[in-house]
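The same chain A turns up in both complexes below, where it pairs with chain B and then with chain C.
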Partner chain A sequence: MKKDLVILLIILLIGITSPFLFPNFVVNLSVVWLFILFSLTWDVQGGQMGYNSFGNIVFYGLGMYTCALVQVGLFFSIGEWTEAGGEKTFLHTIPQYFTGLGVGLIFSSIIPVLSAIIVGLGLLRVRGQYFAIGTLGLGIAAGEIASGIEVIGGGQGMTVPIWPRAAGTTDLRNLVFYYLSFASFLGTFLFLRWIYQTRFGLTLNAIRDDEDKAEAMGIPTMRYKIIGWCISAFFLGISGALMGNMNGYIDPIDGAFTGSTVGLWMIIMALLGGKGTLWGPIIGAVLFYFFKEFFWMQFLGWQYVALGLLVVVVVVFFPEGLMGWLKRKFPEKFGEVVDKERTSGIHLD
Partner chain B sequence: MDLMIFTTAPWLNVQAIFDGIMIGAVFSLIAYGMALIWGVMKIINVCQGEYVILGGYITFYLYNTYGINPLYTIPAASLFVFLVSFAIYKLVIVKVIERDLFVSILATFGLSIIIQQLMNTIFGADVEVAQSGLGTEFLFDNMVTVPVTRVFSLIIAVLVAAIVVIFMHYSKLGRAIRATSQNKRAAKVLGVDTDKVYGYTYAINGAICGVAGSLVAMTFTLHPYIGLPYTIRSFMIVITAGLGNFAAIITSGMGLGILEQYADYIIGTQFRIGFVFLLLVFIIIWRSRKLLKKREYLK
Partner chain C sequence: METILKVRNVSKSFGGVEANKEVSLEIKSGDIVGLIGPNGSGKSTLFNMICGIQPIDKGEVIFEGKEISKYNVSEIARFGLLRTFQETKIYSKMTCLENMQISYKTPQDTLMSFFSKISQNVIKKSEELLDFVGLYEKRKLKAGDLSFGQQKLLELAMSLINGPKMLILDEPTAGINPTLINGIIDRLKKANEEFNITLFIIEHNMQVIMGLAKKIYCMNHGKILAQGTPEEIKNNKNVINAYLGAV
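Now for the complex of A and B:
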């Protein structure tokens, strides 16, 4: 398709050139790509599959910890590293740093997928509000447990290996992580766009619309649900690893398993843009990021109150999201045929 | 820690069960409020725990600034949270009723963040406690310590529960609330103003939470961010007990209290909150497994 190719080229152009256009905002831009990734992967469950998960943050946090532990554990003793000041005595050389990062990224995509399978076997049998609250509990429990384990730093958190000075300046480091974030976003986007067009995407939608009927049609729903969660876990794990490296520091409750900040934001981002669509979460995430930065600049000290208000306003007054609103206003643009005569008597609110 | 300690030091069991029952009474009270609005309004109130902590802070504020004994501040805390939750009902909750449960979960989650942050700004992020100055009793040759405040909090929890139950059964509004929960349409046909009933139900839940908050401020500690564990505990109690079953709510609340005390001894206090949240996940899975044999699922 020619149109698709144009869209892809535009995304590539924006992604590759923006760090040079806005050199002061490279870190912010990488966070924007990761935020888009969060809302896209949440939408696999919440929008396409109809399972409103509050616990996807678990995979993000797991990826963060796994990557950091691999990066450290490959070369040094983890226990000594997490002791106070340990990260100052051990320094990674350039090859050590990059092999650590590479291997860490691989593991930070595998471990969350495995955990998604294990957790999914139990929790994906539960529906509706029980799934929502259960996954919420899982997210918070993960943070509390991580902060109780001494080897990985306990409640104090752990530091991530610092960028070796010999390899280049901090600007280069930011640029490397920017492109890694962009690449992981692009991978997520292309993969999801492809998978929504296949039978798999249709099956997820069938589960959302009526799971019992889907099962009666002979679809092994459990298998599809778990695979869907694994897809989210895979990409979220990578994004967690990147975020941990960009921050340079992992806090168990405020950094990794942030059930009531990032874990909630990814839902709000998808809702703001319109869940159940491919472009909705992307638009929602960008909008949300601007809101967030605006609140941080304007209402410092009250930013979380403002964000809470945003959550309530979006959920209560604008639940269909931007894409849902556009779809209702201009259904023809979305390829939906409206029979004017037959719908003239019906008022959709 | 090894399990042998419970056989070598048998008083530890008595202590754990004593503490568990007294804590569990407060849990049951909060869970009853949650079951009330879940049953009547079909809403899951995630800011339940924040109402509790808010009530606790009212007690703490009166105790700290005016030196009032925390026991006498209970009506004030209850009334304050009653009014706050009524205002929140009018502003937000009224638009959430009869929508998807997920919407109510998210909206009240957002509310809980707002309340948390406001409490953090107003009362500060320190851990606080309101001393009632009632002292501690020692039983069985000083082997078991019983703070008198906790005994009082148990009595107050039982009293409040009794008042609520009597109110539900014999007052006009209580009957209207029960009628609405049984069949909203029929209640409306028979002249019940269901919107008013919803508002009062939500506010009564607030009042219950306010009382529970005062008890929490006296017997435990207060912190702006510890509301969510109370929400999760009450959710857990409600799904174990069922919505309308008051006796089961009390037993599972006290059971949870005792279980938490034992978990404290066995796996350590630092894992207490993690234990509560994991227990929720296990209870949900266990309940759904039982239903799965009948080809049903939790709803």
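Now for the complex of A and C:
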């Protein structure tokens, strides 16, 4: 309990003070929190449940679009907004902006959850590589579908309401989105930390280890797989909404349903840190962000090659990720001990 | 004694192969019943159909007076009819204790109960059952690190935690050293006598099944070839020709 409190206080301290310690990197820090969120939520399926999903990006994209559409739709015609293409200026007042953002964030969590239920009822019936390929198709299809819907801007995408100048400077805007990003990470972290300590967490692990056995033991696995996906969808939807607002513009394929970048990165981050653990995806996301920025700065033009090499090195030399490697090297540090104190006897009632 | 399981004229085909043809059998509550037969005679298929793993083509499976062939695996397990598999099926990356805890079904297995922490009561019960099968000292070990025989014992303990009415076991002693086989037989007998669990067992080890079961069914080519006490089965000419003679 004391250890939990200390960890929470350290995270809070880092989260609250970082923008003041590194004022020039507020946007980057916001992205780091969201990257950790991506990694943590992917790990619910890929790590804890053993369902390698390439489609979680769909919930991120849906959240991004849903929030923007609510933000616009509450006060203006969505069709006019997307058709204007910059020729007509739409400005939100301060109350309109924050009301839109608040309601948008709520809906950006609800819509992805509903879609996770609908899609999950079909896709979560298949396992292994079939599930992975199915979700890959889902991500690609979502981007193409969004590109074809004219009212949301089609292939050109759509802009997101801009921060009202009267509300403060761009720095203040960055700070607001930083704390929203940090809060959504913290919510995700605390929620997952809690459920991993409950029967639900054990159920996900049981599905990962042997789903047939879990069913044979009376666990309605489908129900828990869908709930697991809904949890990821809920937080990913919020993260998408925040990222959309921070970017100011949504491109259907390169911004919202970015399966080849963010969609893949969330997997790499969890693998890098160690999937199936709470801290692995967090460490992996921070490391990944560091490497990504480093490669972008030092090897511009070759950054994806460098990133690809990193993935190969991780998969070949650290297939269990950093946490997995540490667990294997120092199992006793992770509570894997054998107790030999008790003698045999039958005590059943 | 009441009949706990009734299989009536159950048939199953895979393409052109008839795995089970009009199979019928009855098991009384509290009995230990064996199912023997050469490889490919349809025993495991029959088990799979009873437990809902494979749908039946024709016939009925009645458990405690209820027709269960339309229910899925987890629903049938909740009725109190559990099975173990030929290859051990345990949650290999979880500790033995966690394997036990997740196997425990709360009396009101609601959604909220799944979001609750594991109670001390469940932990205690898990430890007692691990003790029962002789795995208490290994309770914090990953189940995947146990030997094959120990995994079989763990699987048995997992099955017992909810106090099932009937356990169907697919070759519980296959691939296990003789010392551990005696341990498993001992635990199975105790589970039957002390917890009144009906056992239905597929077994190729004749010594084991003849010593354990009160009644034995023998299958061959998807049909019930013979039934009776171990003594009757041992002396049945058809069984000797079809099964024992083939060994």
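The rule is short, and it goes like this: the second predicted complex is superposed on the first by the 332 of 349 C-alpha atoms of A that agree within 3 Å, B and C clash if a C-alpha of one lies under 4 Å from a C-alpha of the other, contacts with A are read in each partner's own complex, and residues count from 1 in each chain.
Here is the rule we use: a contact is a pair of C-beta atoms (placed from the backbone, for glycine too) under 8 Å apart; a residue touches a chain by one contact, two chains touch by 3 or more.
Note that the structure is predicted; figures quoted are calculated from it, not measured.
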| item | value |
| --- | --- |
| First (chain B), second (chain C), both or neither touched by A:Y304 | first |
| First (chain B), second (chain C), both or neither touched by A:T203 | second |
| Chain B versus chain C as contact partner of A:Y224, first or second or both or neither | second |
| Partner chain in contact with A:L21 - chain B first, chain C second, else both or neither | neither |
| Residue ranges of chain A touching chain B (in the complex, touch as defined) | 52, 122-123, 125-130, 132-134, 136-138, 140-141, 144-145, 147-148, 155, 260, 264, 267-268, 271, 301-302, 304-305, 307-312, 315-317, 319 |
| List of chain C residues in touch with chain A within their complex | 51, 53, 72-75, 77-78, 82-83, 85, 89-95, 98, 101-103, 105, 109, 111, 113-118, 128-129, 131-132, 134, 136-142, 158-159, 162, 190, 194-195 |
| Contact set on chain A toward chain C in their complex | 195, 197-200, 202-203, 205-206, 208-210, 212-221, 223-224, 227, 276, 335-340, 342, 344-348 |
| In the complex with chain A, residue positions of chain B that touch it | 44, 92, 95-96, 99, 101-103, 105-107, 109-114, 116-118, 121, 228, 232, 235, 239, 268, 270-271, 273-274, 276-278, 280-281, 284-285, 288-289, 292, 297-299 |
